[in-house]
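Below you'll find the structures, each written out as structure tokens.
Below, chain A partners chain B and then partners chain C, in two separate complexes.
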Partner chain A sequence: MFTKKRIIQFCFAALLFLSLDLWMFNTLSANFRTYEELRNFNEIALFAQTAPEEETAQAYEQWIPTVKSIIAGARAYYFTFDESQGLFVPSSGSETNLKLWNENKNSPEFKKAMESVYYLEPMKLSGSYKADFSLDPDIHSNEAIASQAYFVPVIDANGYQANGAIMILVPNSTATGYVNLLRTLFIAAAVIFLGIMLVISFTRDPMTGFMVLTLFGIVLVFIAYPLLEAIRLSFIKDGVFSLQTWKETLSPTYLVALWGSLRLGVLTATISTIVGFMFAFLIERTSFKHKRVMSILATMPVISPPFSLSLSIILLFGNNGLISKQLLHLNTSIYGLAGLTLVEVIGMFPIAFMTISGVLRQIDSTVEDASLDLSATRWQTFKAITLPLSAPGIVSAWLLVFTNSLADFANPLLLSGDYRVLSTEAYMLVTGRSNLGAGSALSFLLLMPTLTAFLIQRQWVAKKSYVTVTGKPSTNLTELTSKPVRLTLETISWAFIGFIVALYLTIVAGCFVVNWGIDYSFTLANWGEALSRGWTSIRDTVTLAAIATPTAGLLAMLTAMLIVRKKFPGKRILETLIMTPYAIPGTLIGISYILAFNKPPLLLVGTGAIIVINYVIRELPVGVENGITALHQIDPAIEESAADLGADVPTVFRTIVLPLVRPAFLSSMSYTFVRSMTAVSAIIFLISARWNHLTVLIFNFSENLRFGLASVLSTILIFIVLFVWALMQVLVKDDKLTQKTISTR
Partner chain B sequence: MMEKKSVSVTLEQVTKKFKNVKGKSDVIAVNEANLVIAPGELVTLLGPSGCGKTTTLRMIAGFELPSTGKIFIGNEEVTMMPPNKRDTATMFQSYGLFPHMTVFDNVAYGLKLRKVPAEQIKERVNETLAMVGLADYGDRAPSKLSGGQQQRVALARSLIVTPSVLLLDEPLSNLDALLREQMRVEIRKIQKDLGITAVYVTHDRVEAMSLSDRVVVMKDGHIRQIGPPSEIYERPNSRFVAGFVGKATFFPVLVKAKDEEKWVCELGGKEAMVSQAGDNVVVGEEAVLMARPESLRLVEPGSGHIEGKVRMNVYLGNSLESFIHTSFGEVLVQIDDPHAKKVYPEGSAVSIDFAPDRVRLLNKDEK
Partner chain C sequence: MKRLLAILMVMLLLVPALFAQGSSEPTVAAPAPAAAPAPVAAPAASSGSVNAYTTLEEPLAAKLFQLFEAETGIKVNFVRLSGGEAVARLEAEASNPQASIWVGGVGLDHITAKSKNLTTPYISRYATKTPTAFRDPDNYYIGLYVGPLTFVTNTERAKELGLEVPHSWADLLKPQYKGYIRMANPNASGTSYNVLTTILDIYGTEDKMIEYMKALDKNIDQYAKSGSAPGKSVATGEIPIAIGYAHDQVKLKAAGSPIVITAPSEGTGYELASMSLVAGGKDSVNAKKLYDWVLSSPKAQTTFTEWYVVLVADGAAKHPDALAISDIKTVVQDMAWDGNTVNKTRLLDRWTNEIGNKR
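Up next, the complex of A and B:
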């Protein structure tokens, strides 16, 4: 592979391209600089002509600073010509210039400049000088930066003699901004070209090489770069390195919010795990009749938009709530820890339910039989066998819910009241006080516990599974509960589900009420207004999600194939980076995206593209995981056969891999769609006047107490999501050949 | 079937190292293998599991890259060429049928990639399916077929693209004994008819013996011996090859002298003559005397080379296996056509005898 000939060829081509690249960059930037200088010269010449006619010090003091309106960020200093000495002496102007002048006035360059001015010739010094602009700060420049120095004569009315001279400093930054952009582009061109060259020269399968390269590009630009930018900016205050932001972040004000987040997380995780375990146990381990209905209803909250439950809780228990005010005449407030915990438990217990179900399902009933056979009671068996065996699932569920609760943003935004959590504090800092640095620092504070929980879940619990299938698994299910116990469990579960259904029905009811809390008479007016004000948002939201869905699905499956089937350097790094967004709170991603993409060369803030990219990047981990699991169950010989018969990598992917991982492909697409439709945390930072998101609109309506409109939009959103989700479920099942054979082998 | 010119396959100093993940030393799967396969020849790679035979096959197919060395198909070097560019077709142990396609689509896959017109595809697929005896099975899903039928689909799928080289990776190991025998004959017939160069990987010595023009015996990544089946069986040049391709007893001997035709050695205190020897047998050093069960004879006590006692007789119909307890341990003697010969009853004292040209001296090292 690395033969001498190829290496020489590569080096030659690389050298050729690099020199060409460098040459073009130099020419272009030199051209640009020359142009810039010329323009500055002209501007300065114009400025010199505006010199006041009356030669009083006061007139000059007023005139000198007007240079800023001609060249942004420039400083000027006026020297009068002292005829007795035959010299220019400092008169008035910017301190910055004076300091530089005093430092350098005896240098040959400066002397030459003064001489030139004496002969009425303007001159620009060839070098660039470090000038201390903080002596005379303004919005354009307030630190010590390299700058260009111009000297121009102020000619008397006759045009024969220099009355005085002006020294003008133009900071490089304004001139070099463009050159920097140019440099970035040329470096990018060189990197891309070298990457392509490298792949063509040294891989025998360039197609795979390009895919890997592209994937690395995507991951570095859209995951690594924004996060690094967020870290960098949290250490910078007013343009210089500073720990100020972090000092503020770690102050008691925000530690209270951290404590609030943790308390809420622990409460939510614990209660959700208990409720989830109850549901999982009832469905997987008892002879309960309505398993299917129950498990569908119990997963509903996962696919409904995050605001909807909060909205419904406010409608029922809020300050003007139906139950709290109208029925019970209570004065307690739902806003705060209790209400938040309630909403989060309802929204997140399905995560616990699904995780624990997966583990319970795999416990072989024979071990429980064996315990009962050894004359343990059912309760003893449950305590000694079933519970310990499902422990990894329980811990896993707890950690997952904990992570989700900490990252939750939508519910606290509506329901937290005086209770403070980190995710919303970060949002307030960014939107209320446009303090992006502090916002990102707060989000990083939030990242510590979430990342810890995520890593524990990943590295330790997931591997510490007790489920080992030995021998022939029994298909019988041993009833571990006595009838009264089971009936109690059933009743509690139904009551819980009933409450959830009631919450959803409340939203539907909210659509048809004139003014919730005050006037409960029937109306259809909400629909008209909601549709007319929300129509563009609905269209935008669906459009963006519809673009993101297939993109994320295809990218996920392609990535999974590369990770599972191909060997390439840096695979571990790529895998880790792709999985990163899964552990990161949406707030942090949103903030890091505005920090990274609000400037050239990647000016994306305000476009629809940034929203789509954000969807794709955030939902990629789940899709890739699904794809990897699916691919591991497929015999590699199937793909090798196809390659052997003449199919190249894209063909193998299209004709073999994609059809075989179809269930994973479709389910990751439906996941992406649902999540994109109901996203809040990152999206709220990225929406713009051009691209709005339905959930944000719902939030705005709820915040302004327009509950009717919020209800209508929530209902519409729930129905769109449900429809697409159901459609995908049908598509997964409609599969004649692969249904059973996929995992045979 | 289109006629195609047969090509040769050449391996030149091919080595394959696998990087060991946990920082241990690399595993050498194939070590400096040299092999020339003639056009139209069927060569079997035979060896215990982990000997590098499958890795060798996968390198010829292009699924693995050699760490060093070169591979040629015909006169063209293909060492770095990806699998889809090589004119080879592989039959996998697990068949690798596409589960989401019908039998017809499976077989047609290679032709579709080659942009053959639909009419022609239909014709050729039906023709090929008929050849492997699956004419009416085109519409079925692969999962609805029996193991033998799936295997035929895989064969048809490989053959329809008229590859220059057919590579078979233990294709019969998932079939039952009877079907295996049938398929073995069928594969050989088709391969001979089409004149395809074939490489067949197996760990089953009977399969290797009955199928191949030549057998390559491998162990621990090394090629130990290459030769026609008869040579491998009758004239193995190492103790490993002798033991792997058939039953054999190894008696420790001291090589004393060698004249023009015969080696003289000391076997249990007596002198014995042996007329052939493998590599690395040196006069004055210890060696082993390799004897196949059918090369040994039982004679009256005292008149043969080794004394012993019959421990057990196992009657097999066309032959009888006699387990003789000797000072060298238990020795198996096979008596063909036992009705015509004298059978010593269990417990009786006997002597084991052999003719000098039916046994072979080998280096005593297992390797």
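Up next, the complex of A and C:
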């Protein structure tokens, strides 16, 4: 691979390209600098024209500061010409200029400038000077920055003589923004070119190389870069480097909240995984009759518009709830850990359900049959074969729910009571005390447990093989449960589902009453108002989600394939980076995106693209995780044989991998779509006047106690998602070969 | 597979639309009401758009900005954010501001924005109608309306639990209210920070303020995470008593909830909903037009009063149900002191360490 010839070839090509790149950059930036100088001179001329008619010191004192309104960030100083000494002497103006003048007035460059002005020629000093703008701060410039200095003569009425001179400082930051942009672009060009060269020169499989490279590019730009911006923020206080923020963050106050988050996460993840496994097992591995209905009902809670589940829980089971008080006369509080766990389990067990059922469906029953044939009991078979085979699914389900719970913010906001979790503490720091730095530091604290859990899981799964799809698919699944067991599972599931349906009916019922909780009389007025007010938001939300969904789905499967099947350097780093956005509270992602993408070269704030990118990046982890789990079960031999027959990587991906991981592909798309439709915490920082979001409107309506309108929009949202799911089932064609029927023994 | 690819292609065609920013959007045909009288002083040729952040209630903002567009032809693209979110967003966007004006939101948040150099001074020719007490001496922000802190009680729940309606800050400490009062966490909400400064103004020293808050803490059921949330919980009967701003609560009463609003007899603090121009905003001319219009247009003022707020400009209209600031005993508030970052951090840290963290 790394032959001498190739290395020399590569170095030569790289050298050629780099020198070309450098030359173009220099030419362009030099051109621009000339143009910039000219423009500054024009602006200065414009400023000079506004000089006061009467030449009194007072008039000049008032006029000099107006330079700021003509050239942003500039400072001026007026010098009078002293006939007796034949010198320019300071008169009035900005302290910043005076200081710089006093420091440099004897330098050759300054002397030359004074001479030039004496002969009525304006001059720009070559080189830049560090001027201390903190002496005379304004919004554009308030610290010591390198600046360009200009000297312009003030000519007397006859036009013969210089009555005085004006020294103008223009901070570099305004002048060199374009050059910086140019530099970034050229560096990016060099990096991309070298990357491509590297792949072409040194790999046998350039397609994979390019895909890995693209993936790295996406991850670095849209995950690592914004996060670095946020990290930088947490180390800065009042404009200088400081560890103060982190000291505060690691104080007992927030460690308590961290502990709170962890307890909630572990509880929610464990219960959700158990419930999710139960549903998945019932639907995928038993002869249960109402699979489709149950499957739809069990995924429903994933489509919970934020706040709406918590709100209906409060309205039904709160201190004054319909069920808890009016019906049962209970006096328990749902605020705190218990209520929070309940509502999170309801909202998040579908994630576990979807992940685990994808895995259960893939298990090849021949192994179980063998076990049963060898006269193991059903329970023994389940324990020794089914459970271990679904272990990767169970572990990743647990991990996904755990991370999701840590990052959850909408539910704790309403239901936590006095129980403290980090995500809401971070939100309070950002919005209540406008301390962005501490908010991001807290959010990073949240990352630690997630990353630890994630790394442990990777280590553990990597050691084992779970291959069961071997290219000779069996079409039978063996029923593993006896009738009583199945009935018990059914009963529990129906009870659980009944509870969820009640919550959802509360939302639907809310559409038809005047004001839930206050006035229960029937009305249809909510529909008209909600539709007229929410129409554009609905349109925007659906458009954005519709673009994000297929993108995220394909990207996730591709990533999963690369991670599971290919060997390349930096794989672990890539994987870890991809997983991080899932664990970070949306508030931080939103803020870090603004910090990173509100300046050239990637000026994305205010566009729809930033919202789509945010969706894709945030939901990628779930898709990748699903894809990895599914791929772990598929024997690479199938892909290898395709490759042996001459298929390149994209063909293998399209014709082998994608059909085989169809359930995972579908569920990751479904998940992305629903999460995009119900996102709230990051979105609130990214929406703009042009691109609004339905959930923000729902939130605003419930803030205003217009539960009716909020319910209508929530209901519409739920139906849109259901419709799109159905559409996806049809569009992503089912592969008949991998379908299985369940037989009882 | 092919069908999927076809769909993807269509999606790709949609992508360029994503990069359209607010300004380049073809203006939606303005629902210009025929009856709108021609503006008297505004230049007729003005049009275009302005990006705004607003902390007003969403429906109020929508109506207000629609009126402005009908009168001037300038489209207001607005995003509704809570006060804290607005400051956070302005700060994150400081290098390239997306909005030019921020309408509404408690004065203290505007002071925070001012202290972070996120807003810029502007002297409107209509500013003098607003008493000097209600505008920034440096002209960074200007007050629009005031809302006093009041107590709100759900009469049905109070009857059921045998509670009396509280009439003073001292009343709130009575043991009968144990676990029946809700307020927001001062760290999360300007409303509750206002409670701290009010108690400080009434009792004089910070130690006494903390002492009062400690006593009150015994009666507090939980600290909510938004200023208007406790009032809403009272409206639905979730909790019998809450502390909040009057106009938030009058609105709930108008929605039909069985509540009664009372003002504390010792005096109370108030919020000053304000307006600021964003430093470095892109369409500052239109933003200034909007700023002037909000301060001067009778239509704007009528719209505000429909939301039960009490405007501070001289001669402004008032809704009959709204609680006028003159009907209530208020404490003398020093907004600049309250909004000072050092003071605010100290008060909040004390509250957090001595009360919030102990729960």
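Assume the second predicted complex is superposed on the first by the 466 of 745 C-alpha atoms of A that agree within 3 Å, B and C clash if a C-alpha of one lies under 4 Å from a C-alpha of the other, contacts with A are read in each partner's own complex, and residues count from 1 in each chain.
Assume a contact is a pair of C-beta atoms (placed from the backbone, for glycine too) under 8 Å apart; a residue touches a chain by one contact, two chains touch by 3 or more.
Because the structure is a prediction, the values reported are computed rather than measured.
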TODO: For A:D205, decide between first (touching chain B), second (touching chain C), both and neither.
DONE: first
Message = Touch test for A:S126: chain B only (first), chain C only (second), both, or neither?
response = neither
Is A:A642 touching anything from chain B or chain C once the two structures are fitted on A? First, second, both or neither.
first
- prompt: Counting only touches as set out at the top, which of chain B and chain C does A:Q85 meet: first, second, both, neither?
  reply: neither
Touch test for A:S375: chain B only (first), chain C only (second), both, or neither? neither
Contact-wise, after the overlay, does A:N106 reach chain B, chain C, both or neither (first, second, both, neither)? neither
Per residue count on chain A, the busier partner among chain B and chain C is C
Chain A positions within both the chain B interface and the chain C interface are none
Touching chain B in the complex, chain A uses residues 1, 204-205, 635, 637-648, 651, 655-656, 659-660, 662, 736-738, 740-742, 744-745
Listed in rising order, the residues of chain A that touch chain C in the complex are 139-140, 142, 252-253, 256, 314-315, 318-320, 335, 413-414, 416-418, 424, 427-434, 436, 439, 514-519, 533, 543-544, 546-547, 550-551, 554, 591, 594-595, 598-599, 603, 605-609, 612, 654, 658, 684-685, 687-690, 692, 696-697, 700-701, 703-705, 731-733
Listed in rising order, the residues of chain B that touch chain A in the complex are 61-63, 65, 80-86, 88-90, 92-102, 109-110, 113-114, 141-143, 154, 157-158, 161
The residues of chain C that touch chain A in their complex are 1, 3-4, 7-8, 11, 14-15, 17-22, 25, 51-52, 57-59, 62, 77-85, 87-89, 91-93, 95-96, 98, 109, 112, 116-117, 120, 157, 185-190, 193, 222-223, 225-226, 228-229, 232, 235-239, 251-252, 255-257, 279-280, 344-345, 348, 352-353, 357, 359
